[in-house]
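Going by the order they are written in, the chains are A, B and C; count residues from 1 in each one.
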Amino acid sequence: MSRNYLPHWLHWLGSPPNFYRFAGAVRPWLLAAALVTAVIGLYGGLVLAPPDRYQGDAYRIIFIHVPSAWMSLFIYATMAVAGLIALVWRIKLAEVVAMECAPIGAAFALITLLTGSLWGRPMWGTWWTWDARLTSELVLFFIYLGVIGLYNAFEDRRRGARAASLLALVGVVDLPIVHYSVVWWNTLHQGSTIVLTGKHSLFGASPEIALSMLWPLLVMALATHLYFFASILGRTRVGLLSLESGKQWVRNLVAEPDA
Amino acid sequence: MDSTAPGWDNTGLHAMIPPTATAAPLLSAHRLAFLRNDEPVFGPLDFSLGPGETVLVEGDNGSGKTTLLRVLAGTLPTASGDVRFDGRPASRDSRNGRVLWLGHRSGMNAALSPRENLAFLAGLYGVRAGMTAARAMARVGIDAWLDEPLGTLSAGQKKRVGLARLLLLPGAIWLLDEPYANLDRHGIELVNQLIAEHCATGGAALVTSHGAVQFADRAARRIHLDN
Amino acid sequence: MAGTAPLTAHAVPAAREVARPANAFAACRALLRRDFTLAWRRRGELFLPLLYAVIVAALFPFALGPDPQLLGRIAGGVLLVIVVLAMLPALESMFRTDLDDGTLEQWLLAPQPLALLALTRVIAHWLTTVLPLIVVMPLLGALLDLRVDVLPVLMLALLLATPLLVLLGAVLSALAAGARRSGILLALMLLPLAVPVVIFAAGAIAAAQSGMPYLAPLTWLAAALVLAIVLAPLACAAALRIAVES
């Protein structure tokens, strides 16, 4: 009955067969667009952009690292919103979306950690440092793992999705606290860490970042978003199919796959 | 009745209300249905339970008897339709304390004695007038086991402790899921007596059973659930 | 024993007549009494976390060498981590038996706020399983050459940090109660929540060790504890509802 408050198209999309068809139609286009923008962004970042005055070519990993870091947070937000909808309105689609977000987000968090580590080797001379950003990202990665682990620990997948959605919401409260406490902790142990100027200036969008470096970064951010949308649509399709196996619309689909 | 009063002290409403009172029924359901994975489990159902009434829920295994009781108890969400307690829409406020639940699981800790378990539940629910744990246990015929750990009791004895809980705690609506399971002939008779007495004093009961032979009240209304 | 003579009608009180109506205070007291009784029945199990903490603390000198200065420097942080790890097994089973034997159904149907019952359970859990750990801290501190003037700060930090961890752990334990048994899952879920708690508790201890003011991190812990006392029981109640709705 609460669904009446949702816009009509959202209600339409909330029905698994409708979503399945919609996602199937949109996904290839998103994937193609993601591929094209990624090629443009990488060409701009790896070929066109000039080497950095201090870091040389090593900085170019930011064209992967920074969009991944952004995505790991964006996907968490998406997962939390879908989880909230799943908990409040008990919409099956929202449960599936929230749970399918988690592995993608975890993958982006892992990419962020690995590329950060690769970048850290030439910059700081070490694979890992307890920098505030990296530590927060590591904690984010663990929250993702917790959500995935809790979801998979349930026999009943819908109940698991609801429990894991609640955990994701707890994480929303936790993440800022973790970030600020880690920053505080870092300043407390200042001696053992290296302050990263190059990376910080990128995040702060300071004027010294050249336009030739900025646009490939933004294009890559667009590409990762497009990839995420394509990926979540595809994963949700599969998730819905296995949840709804035995339903008439799935049977019809198996009978005539082209319909 | 002042529905906004804290708690639900109904001492003003006495047991002597005849079942035909015009007041809202203790429990009513309108177009109540439940879906599991979008497949209807039961319903839509319409029924009501007034003071003094017993309703038997019949159906084969898997027909949704337990599910229906759990939806009424609020431990499963309602898929569609409307449940009311005393005419008020079902909510924690209108339901909790009105309903006593007896299910497959004892609801009591195996390491504690019936006395300790009942004392804890009495703390949560309050106590009926003139009742103590010992009296309730005596009524169901197992007061000798009052201080034995629950885990050492047989399945039938545990069921009887569950019945003692029904006697001890206030709550006009009994939701009894397979109350006859694990009970011998005398135990079945006891359940029927307790239900009859409960209804005679203004209570109501919703009872599930897959074999209705044990159920004494031939005149009781029945809800039949199909697969 | 099956002789169940029918009683006369007046022997059974009216279904709607209540001698003692339920009230929240009585409910909390009954729950505390029940949990203490259970803890007393299983008092042997209460020693296991203590034993674990002593064993781990005793292993450190063997691993790092008996240099009192090195041990004294790391003792505060080590003891903090030991306490967190020793708390984990008990946290995992905080609601599991109650879910399995149907007690949680009775909680949900009781005319009591579920969050209040959850908070009471947290208090009982902390008193029975965590407080003994804090009580033996002076002993463990002596094993690891913890400076005597740091000990009170360590105790104070633990008194603030452990209730916070039990509150957070209660939410996670309720979430995991309906899942298949998996101890490592709770540790995985608790880690992100425990990071700020450990940082501030360890921050206070480190500050005390280096003779700096340690009140600020303790105040942060206290603020977080107050916030958690309000929010965690609500989240825990929501998680318990999900656990019961199988």
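Simple rule for what comes next: a contact is a pair of C-beta atoms (placed from the backbone, for glycine too) under 8 Å apart; a residue touches a chain by one contact, two chains touch by 3 or more.
These numbers were taken from a predicted model, which means no experiment stands behind them.
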Ranking chain pairs by contacts, what comes out on top? B-C
Please name the chain that ends up farthest from chain A once chain centres are defined by their CA atoms averaged. B
Per the centroid of Cα atoms for each chain, what is the distance between chain A and chain B, given in Å? 48
Chain A and chain C: spacing of chain centres that average the CA atoms, whole Å: 33
In chain C, residues with contacts to at least two other chains: 245
Each of the following residues of chain B touches two or more other chains, namely 77
By residue number and range, which residues of chain A touch two or more other chains? none
Interfacial residue positions of chain C with respect to chain B in the complex: 1-4, 6-7, 9, 12-23, 26-27, 29-31, 33-34, 37-38, 41-42, 97-98, 100-103, 105-112, 117, 244-245
Chain A partner, complex, touching residues on chain C are 171-172, 175-176, 178-180, 182, 185, 188-189, 191-193, 195-196, 199-200, 203, 206, 224, 231, 235, 238-239, 242-243, 245-246
Contacting residues of chain A [partner chain C, same complex]: 87, 139-140, 142-143, 145-146, 149-150, 153-156, 159-160, 162-164, 166-167, 170-171, 173-174, 177-178, 181-182, 184-185, 188
Report the residues of chain B in contact with chain C in the complex, numbered from low to high. 7-11, 13-15, 51, 73-77, 95-97, 99-101, 103-112, 116, 119-131, 139-142, 144, 167, 170-172, 184, 186-187, 189-190, 193, 197-203
